[in-house]
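Each of the next two complexes has subunit A plus one other chain: subunit B in the first, subunit C in the second.
Right, the complex of A and B next:
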């Protein structure tokens, strides 16, 4: 599944990083402690977080994540948008909580860890 | 230059998580007993007890910097340390405009406002333990604008530290120093001390009870205790320097 498919299927607003919309999504991760995300997120994951500091883009690039979703209505500042644009990592926005959105993504079949 | 033993991170009874015994006179007496020359009083998100501790310190011979331990929207704790109470109160004003919720004393603890002779003057009702809606970049720049220094707290700890919350220290963040906790070990960092990006290091007690005072401090080789001298010591300028104990 591509980031693009998830964006349209779940009606997520694209804040930046449109260049990366054709990235493949193979896993998911939820976390707001970036040290934990660095330690545990798998490559190709779509990452749900409320953390909007621009370091999220560096973490996503480091871990080769497919996309970032800011949940619960959190908005990125200009610095974070610019970094996502620069790295070509889709930065998506959702008004739902991590729990609800992750549940929907899981049901849509993004769960390689369980295979 | 004289060697001043300083502890830049001490809480009073205003912090909900601190012991009620952390009154101005107790703090000042304990610090003098432990041989400290100066401290910064840094309660969570508030400077409302700084005046009382400053005056108690002035009376008994301990220099006290007014400070605040600010909790950012990323849940990063950082110290803001100033020369005078007015600067701290201006920072407090910015914090209060971006801090929501009321304290639940039964859950988090009492937030006691006291005077310099340890009399209770009132209780702060805000949720001081909460996070502000200010991001760390804004906090550092506001502290600098007001003439203070900004130090990222307990960077060796997993909770509420800039490395724990953000994974690494953002390269363009103009912190004046990072603080190692009292049990912190420079060699303890995964990836080594280079994760601190060459930032100056201080260590402090983060005292929440009288017994915690003295468990860590930093020696500042400076002319007098003021923010400018501390800044120079952190930057190792004009013969000033620091040694962590």
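Right, the complex of A and C next:
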């Protein structure tokens, strides 16, 4: 499943990084501690978090993540948008919680626990 | 041919934090190193750089690459580390609440460096900053 498919299927707002929309999503991860995400998220994962500052884009780039979703209605600042655009990493927005969105993604066939 | 790069790190500057590591990552990509090595080295560089930023020191991050290997060093004039063994324990942190709210200071930075580097040396004394040296072998 591509980032683009997830965006339309779950009605997520695209804040930046449209260049990466055709990337395949092979895994998922939920986490708000950056070093935990660095340690445990798999390559190609869609990452659900409440952190919205620009350092999240560096973490996603380091781990070769497919996309970032800001959950619970969190909005990115301008710096975060600019970085995501620069790196070509889709930055998606959801009003739902990590739990609810991850549950839906899991049911859609993305194994959020696979490493 | 040897490639040497050096970048400044500014205390508490979360806007430019990580830029040195990302430049190092770009340099390693341009040098055509294998993807796994680039990822491991970039993670180590990033964790070490963020430690300097969040613990309030100014410092430098440098890399040197030649045929024999890659060395990344981070030196700072921050508060230093009181007990290095404790600091290497997963989950242990002295980071402030503000930094933790940003998702930093989970006590996993140094363990991530141990996990991703081939040889890791850390030198520090309380009040005298820290010096981290991370080495990576390059497969022929």
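We adopt the following convention: the second predicted complex is superposed on the first by the 111 of 115 C-alpha atoms of A that agree within 3 Å, B and C clash if a C-alpha of one lies under 4 Å from a C-alpha of the other, contacts with A are read in each partner's own complex, and residues count from 1 in each chain.
Following the convention adopted for this analysis, a residue touches a chain if its C-beta (ideal position, glycine included) is under 8 Å from a C-beta of that chain, and two chains touch if they have at least 3 such contacts.
All figures in this text were calculated on a predicted structure; none of them were measured in a lab.
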(request) In the overlay, answer first, second, both or neither for which of subunit B and subunit C A:51 touches. (result) both
(message) In the overlaid three-chain picture, which partner chain does A:61 touch, first (subunit B) or second (subunit C), both, or neither?
(response) second
(request) Going by the touch definition up top, name the partner, subunit B or subunit C, that contacts more of subunit A. (result) C
(request) Using the touch definition from the top, say if A:72 reaches subunit B (first), subunit C (second), both or neither. (result) neither
(message) For A:26, using the defined touch cut-off, is the partner it touches subunit B, subunit C, both, or neither? Pick first, second, both or neither.
(response) neither
(message) Taking the superposition on A as described, I'd like to know which of subunit B and subunit C A:35 touches: first, second, both or neither.
(response) both
(request) Take the contacts of subunit A with subunit B and those with subunit C, and give the residues found in both. (result) 33-35, 38, 51, 53-55, 58-59, 79
(message) Which residues of subunit C touch subunit A once you look at their complex with the stated criterion?
(response) 14-15, 17-18, 21-22, 25, 39, 42-43, 46-47, 50, 102-104, 106-109, 111-112, 115
(message) Touching residues of subunit B toward subunit A in the complex: what are they?
(response) 74, 135-137, 158, 163-168, 170
(request) Could you please specify the touching residues of subunit A with respect to subunit B in the complex? (result) 33-35, 37-38, 51-55, 58-59, 77, 79
(message) Which stretch or stretches of subunit A touch subunit C in the complex?
(response) 32-36, 38-39, 49, 51, 53-56, 58-59, 61-64, 79
